[in-house]
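Each of the next two complexes has chain A plus one other chain: chain B in the first, chain C in the second.
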Partner chain A sequence: MGKTKVSDISRAGDEQLLELTSLDWMTLPCPSDQPLSIRPLPDEQRSQIEHSLDGISALGIPKPTSKGEEDGLVQSFLNGLRKLLSHDDNWTFWQPLVYSLESCVKCQTCSDACPIYLSSGKQEIYRPTYRGEVLRRIINKYIKKGGRISSKLKGEEIDLNWPTVARLAELAYRCTLCRRCAQWCPLGVDNALISREIRKLFSQELGIAPKELHDFGTIQQLSKGSSTGMTPVAFRDSIEFMEEEIEEITGRRIEIPIDKEGADILLLHNAGEFLSWPDNTEAFAIIFDALGISWTLSSDLAGYDSVNYGVWYDDVQLARIVLTHAEVANKLKVQKILIGECGHAHKTLLVIADRILTGELNIPRESALPLLEDAVCNGRIKLDPSRNDFPVTLHDPCNLVRLTGIVEPQRRIVRKICPQFREMEPHGVENYCCGGGSGFAIMSSRNFPDWKMTVSGRMKFKQVLDAFQDVGDPEAERYVCAPCSNCKGQLRDLLSYYQAREKHSVFYGGLAELIVNAMVDLEQPFIQWEWH
Partner chain B sequence: MSGIVLFFFYGSILICIIASVVRMTKYARAPLHLRWELYRGSSVYELTDWWDRSPPRFGEKLRVVILDILFLREFYHRNRSLWYFLFLFHIGLYLLFLWHLWLLITAVTLPFESAWTGGLAFGHVATLLSLIGGSGILIKRIVDKELSVHYPRIHYLKWVLILLILLGGFLAVVFHFDSNLPELLGYVKAQVTFQDMELKLHPALAPASHVFFVSFWLLYLPFSHVLQISFRYYQHLRWDDVPNRQGSTIERKVKGHLDRPISWAAPHIKSGKRWGEVIGDTEDL
Partner chain C sequence: MAQMELAGKMYEVDEKGFLQEPEKWNESIAEAYAEMEGVVGLTEEHWKVIRYLRDYYLEFDICPMVRKLTKRTGVSLSRLWELFPQGPANSACKWAGVPKPTGCV
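Up next is the complex of A and B:
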C-alpha cells in the first residue's frame, strides 16, 4: 500500500486506509517482542458498522442504510462544523481551535512526539497533523467563500462525503489527547485540541460518542451519581467495607466521614478507586487521620465521583459536571475541594472549570498532592523508607503533569520514601501517555481494546520495562506508581495483556499507598501486591 | 507600465495594512476561551492555596516571548536540523528590517556623505544570511520527504518569491547603484519624500523589479501565518494562569458567555436556550 494521502480519507467504500500489522510496530524488548495481532471485527459487525479507517471500531457507528441518510449525516457534519467556527456555539474553544487550524507550518516536529504515530511504525493516518489537515481542507473548501476554487489552486484535495465523515469520527479516537504534540510544536499548534473539537462536533451535533464516555459516562454520572453506575447507597456500603479493611490493617477504627457539613475539605475521588482500588481511598483516610485534617466525602449525586468525561468529548457535559461538583461542595459549606489521584479531574476542576464557575460556585480547588508532599517532606507523619525498599518508577499522568503543571510534589515524595526510585525516560512534562488517555482506559467495545494495548499503550509498556532493566532478580517486585485512576486502569490492562506480572514481576499502584506502606505506625505492610 | 508599478507598490502597502488590521481584529475579538494551558514545568498548582499567589509577571512573559521570537528557541530544541536555516533566514530578515529603517532615517536626516560607511556591508551581510537560510529551507522542503508532507504547492512559490526579493535587492544595490551609498540614499529619499516624480514614474529596471516583488509579498503577508504568530496567542496555552476571581473582568466575561445562545443539535444538549440555562439543566438526561 502506498503512502496514505489526505485525500484518501474520502475514498468510497469499505476499503481500509490502513491494515494494522505488528510487523510495522515499534519493537518491544524480549520476551515481549512476540508478534501480536488485532482481532478483526466479526463479519456481522463488518457488514453493519463503520470500520474503513483501520479496521477498528471505537464508536460502533452504524452504516447508513440509504443515500438520503448518508447525505443527511454529511449535512449535519457541515452544520456542526459551522458551529465549531461560531463565537456563540464555541466560545469555549474558538480561539485555540482557529489558531491551531491556521498556524501550522507543516514542519512535522510534532510527529516525532506522538507515541501513537511512533509506536504504529509511523502510519500516516496517525500523524498528529493528519486530522487537522483533513479538517482544515474541509473548512477551506466547503465553508470559506470561494473555497472550491482556492482549494483547487492550492492542490488541497478533499471530498466531503460519508466515508470522510465516518473515518474522521473514528480518527478522532486514535489520539489520546495527551498533547505531547502540542508541547513539541514550536508554534503552539494544538493537534490534540483539533481531535477533541472533532469529537465534540460529533457529540454535540450528531449525538455520536463512545457509549462508555456518554451513555455510561457523563449521562450516568449526572443521573445515577457515578460513571461506574455506583449509586449513593452502594457508595456508602463500599465505604463501610473500607473502614473494616482499615481496621484489619491498622488495628484501629478510622471513620471515613461522609457528608460532614462544614468540614474544611471535600475530598473528591475517582469512583473507580472505590470499586477497583479501595486501598487508595483507605490510604488517604489513614493519612488524613494521622494529620488530623477536617475532611469529608460526599454521597451526593456525582459528589463521590470526581471524573468528568466531558473534558474528552463534549463541552456541555463538561460544564454540567463541573457545576454539579461545585454545587456539592457549596452545599457542604467546605472551605475547598481537594482532588485525589485522578489526572483529568485535576485538569478539569483546577484549570478548565475556572472559566465556567462564577460567584459563590467558584470555590477554591486544589490538588491533594501538595498536601501529601507537605505531610511526607516536612515530617508530619513518621515514615520509614526502608519499608519501600523495592524498585519504584513513576508514571506522569498527562492531565496531572503536562496539562496541569503538577510535576514535582509526587517526585519529592517518592524520592524521600522509596530508596530504589528510578525515573522512566523521558519523564516529567515530557513523559509519554499511558495509552489510555482521553477515555481509552474505559473504552472496551468491539476490537478497540486490542488497539489500545498493541498501539496506544505500546510506548508506555516499553518505558516501564526499560525503567526496570537493571533489576537483576526476575522475582523482585517492581512498582509502577501512577497517581491517576485512569492511568491505573490502563496499566492494569496493559500489564495483564503483556503478562508483565508473570514475566517481569511488574506491579502498579497509586502514590498514597506508598506513603502508608512506609508509615512506622503500621505493623504490617500496607501494599499487599495483590493484583486488582 | 511605470505608473502601474507605482500604483501597485503603494496599493500593496495599503492592502497589506487594511488586511492586517482586519485579520488582527478577528483575533483580538476572539471570545475568552476555557483554560487549556500546557506547562513546561511546575505550575502554581503545586502549591497549597495557590489562588492567593500572584500569576507570573508580564515582564517575565515578555522576556520569554522575545527570546523565542529572536532565537526560535522551540525549533532549536525540537527540530535542530531545520532550525539552522530558519535561524539564519530570520536573523537575516530582522537585520534587513533594521537596515531598511537605517536607510530611511539616514536618507531623510543626514547629509549623505556623513552616513555610516559600513552601512552597505551591513545590508549585504543581512541579505546573505537570509539568502542562505531561505535557500536552505527551500531545498530542505524539496528534498526532505518529512518536510513536504501536507506542504501546499503554493508555499514553494512563496519561497521562490522571497529569494527573488532578496536577490533582486542585492543586485539592484550592487549593479544599479554601483554600491554607491550616497546614490542609494538619494534614491530612497526621493521615494519617501515624493520629490522626484519623474524617477518614480520611470524607475530603472533593477529597483523597479525589487519593488515589484516586494509588493507581491506585501499582498501575501496578511494572509500568511506570520501575522498571527507575531500575536503569539499561543502564549495563552502556556501562561493563562490568571485565576477567575469574584468580581473580576474575567468573571464578567464568563457571565457574558453563559448568556450567549447555543444551537447544537444533539438531543442531550437541549438547545434553543442560553449556555447558562443549558448547562444548569441536568434533568431527564
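Up next is the complex of A and C:
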C-alpha cells in the first residue's frame, strides 16, 4: 500500500485506510517485545458498524441503510461544521479553532511530538495534521464562497461523502487530546483542539459520542450524581467505610466531613477514587486532619464527582456540569473549590470554567497539589522518607502538567519523601500521555481496548520500563506515581495487559498515598501493594 | 441489545455478556456464567461473594468497592482472583447478575 493521502479518506466502501500490524509498531524492551495483535471486529459487527478507518470502532456508528440516510448525515455534519465556524454558535472555542485551521504551515514538527504517530510506526492517518487537513479541505471546498473552483485549482482534493464523515468521527478518537503537538508547534497551532471540536460537532449535531462518555458519563452524572453510577446514598456508605479503614490504619477516628456548610474548602475528588482507589481519599483525609484544615465533601448531585467528561466531547454537557459544581460550592458557602488528583477536572475547573462562570458563580478554584507541597516541604507534617525507600517515578498527567502548568509541586514532594525517585524521560511539560487521555481509559467497547493498550499506551509503557531499568533487584516493588484517576486506570490496565507486575514488579498509585506512607505517626505502612 | 442463553433461557445481555435485567437473576444463571469461564460447581465461598454483591447492589444500586467486598466477606483479593478467573469486576459481578460500575474506575 502506498502512502495514504488526505483525499483517501473519501474512498468509497468499507476498505480500511490502515491495516494495523504490530510489525510496524515501536519496539518495546524485552520481555515485553512479543508481538501482540488487535482483535478484528467480529463479522457481524463488521457488517453493521463503521470501521473503515483502521478496523477499530471506538464509537460503534451504525452503517446507514440507505443513500437518503447517508445524505442526511452528511448534511447534518455540514450544518454542524458551519456552527463550529460561527463565533456566536461556538463562543467557547471559536478563536483557537479558527486560528489553528488558518495558521498551520504543515511543517510537521508536531508529528514527531505525537506519541500515537510515533508508536504506531508513523502511520499517515495518525499524524496530528491529517484530520486538521481533512477538515480544512472540507471547509475550503464546501463552506467558503467559490470553494469548489479554488479547491480544484489548488489541488486540495476531498469529497464530502458519508465514508469521509464516518472515518473522521472515528479519527477524532485516535487522539488523546494530550496537546504535545500544540506544545511543539512553532505557531501555537492546536491540532488536539481540532480533534476535540470535531468530537463536539458529532456529539452536538449528530448525537454521535462514545456511550462511556455520554450515556454512562455526563448524562448519568447529572441524573444519578456520578459518572460511576454512584448515588448520594452509596457515596455516604463508601465514605463511612473509608472512615472505618482510616481508624484501622491510624488508630484514630478521623471524620470525613460531608456537607459541612461554611467550611473553607470544598474538596472535589473524582468519584472513581471512592470505588477503585479509596486509599487516595483516605490519604487526603488523614493529611487534612493533620493540617487542621476546615474542609468538606458534598453529597449533592455531581458534588461528589469532579469529573466533567464534557470537556472531551460536548460544550453543552461541559457547561451544565461546570455550573453544577459552582452551585454546589455556593450552596455550602465555602471559600474555594479544591481539586483532588484528577487531571481533566483541573483543565475544566481551573482553565475552561473561566469562560463559563461569571459573577457569584466565579468561586475561587485551586489545585490540591500546592497545598500538599506546602504541607510536605514546609514541615507541617512529620515525615520519614526512609518509609518510601523503594523506586518511584512520576507520571505527568497532560491536563495537570502541560495544560495547567502545575509542574513542580508534585516533584518537590516526591524528591523530598522518596529517596529513590527518578524522572521518566521526557517529563514535565514534555511528558508523554498515559495513552488513556480524553476518556480512552474508560472507553472499552468492541476492539478499542486493544488499540489503547498496543498503540496509544505504548509510549508510556516504554517510559515506565525505562525509568526502572537500573533497579537491580527484580523483586523490588517499583511505584509509578500518577496524580490523576484517568491515568491510574490506564496504567493499571497497561500493567495488567503487559503483565508488568509479574514480570517487572511495577505497581502504580497516587501522590497523597506516598505522603501518608511516610508519616511518622503511622505504625504500619499505608501503602498495601496488593491494591496497587 | 444482544441475547444470551443462560441455564436454558434467553436473557438480554450487554456487549460483555453482563445481564441487563438484574431482577431476572437466579442461581442457575450464576452457575451458567461460571461454567462458561471453566468453573464447574460453585462453592460456599463463591456464593458468599455473589450474595454480598447482589445484596449490596439491591440496596445501593451499584457494586461496592472491592476493598469493602473483601473485608465484609473475609475473602482476600488474591483469593477472589482464584475463585473468579476474570476478577471481581469482570467475573464476580457478572455471575451475580449486577453491572460493573462505570466512569473512571
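Just so we're on the same page, the second predicted complex is superposed on the first by the 530 of 532 C-alpha atoms of A that agree within 3 Å, B and C clash if a C-alpha of one lies under 4 Å from a C-alpha of the other, contacts with A are read in each partner's own complex, and residues count from 1 in each chain.
Keep this in mind: a residue touches a chain if its C-beta (ideal position, glycine included) is under 8 Å from a C-beta of that chain, and two chains touch if they have at least 3 such contacts.
Predicted model, so just to flag it, every value in this text is computed and none were measured.
A.B. asks: Using the overlay on chain A, decide if chain B and chain C clash or can fit next to each other.
C.D. replies: On the shared chain A, the partners fit.
A.B. asks: In the overlay, answer first, second, both or neither for which of chain B and chain C A:531 touches.
C.D. replies: Once the two structures are laid over each other on A, A:531 reaches chain C alone.
A.B. asks: Kindly classify A:294 by the partners it touches after superposition: chain B alone (first), chain C alone (second), both, or neither?
C.D. replies: A:294 contacts neither chain B nor chain C.
A.B. asks: Quick check on the superposed pair: does A:485 touch chain B, chain C, both, or neither? Answer first, second, both or neither.
C.D. replies: Second partner only.
A.B. asks: Is A:233 touching the first partner chain B, the second partner chain C, both, or neither of them?
C.D. replies: A:233 contacts chain C only, not chain B.
A.B. asks: To the nearest 10 degrees, what angle do the lines from the C-alpha centre of chain A to those of chain B and chain C enclose?
C.D. replies: Superposed on A, the angle at chain A reads 160 degrees.
A.B. asks: Between chain B and chain C, whom does A:271 touch in the aligned arrangement: first, second, both, or neither?
C.D. replies: A:271: touches chain C, not chain B.
A.B. asks: Return the chain, chain B or chain C, that is in touch with more residues of chain A.
C.D. replies: B
A.B. asks: After the superposition, pull out the minimum Cα separation from chain B to chain C in whole angstrom, please.
C.D. replies: Value for chain B versus chain C, nearest C-alpha atoms: 18 Å.
A.B. asks: Which chain A residues contact chain B in one complex and chain C in the other?
C.D. replies: none
A.B. asks: Provide the residue numbers of chain B that touch chain A in the complex, in ascending order.
C.D. replies: 27, 30-51, 72, 74-75, 78-79, 82, 146-147, 149-154, 225, 228-229, 232-238, 243-244, 246, 250-251, 254-255, 257-258, 260-269, 275, 278-280, 282, 285
A.B. asks: For a test of understanding, state which residues of chain A touch chain C in their complex under the given definition.
C.D. replies: Those residues of chain A that touch chain C are 212, 216-217, 220-221, 226-231, 233-234, 237-238, 241, 245, 270-272, 274-276, 278, 305, 307, 342, 441-442, 445-446, 485-486, 489, 530-531.
A.B. asks: Over in the complex, which chain A residues touch chain B? Could you list them?
C.D. replies: 6, 76, 79-80, 83, 87-89, 91-96, 98-99, 102-109, 111-113, 127, 129, 133, 153-156, 179, 182-190, 193, 203-207, 214, 219, 222-223, 315-317, 319-320, 323-324, 346, 350-352, 354-359, 362, 364, 366-367, 369-371, 374, 401-409, 428-429
A.B. asks: In their shared complex, at which residues does chain C touch chain A?
C.D. replies: 15, 60-68, 71, 77-78, 99, 101-105
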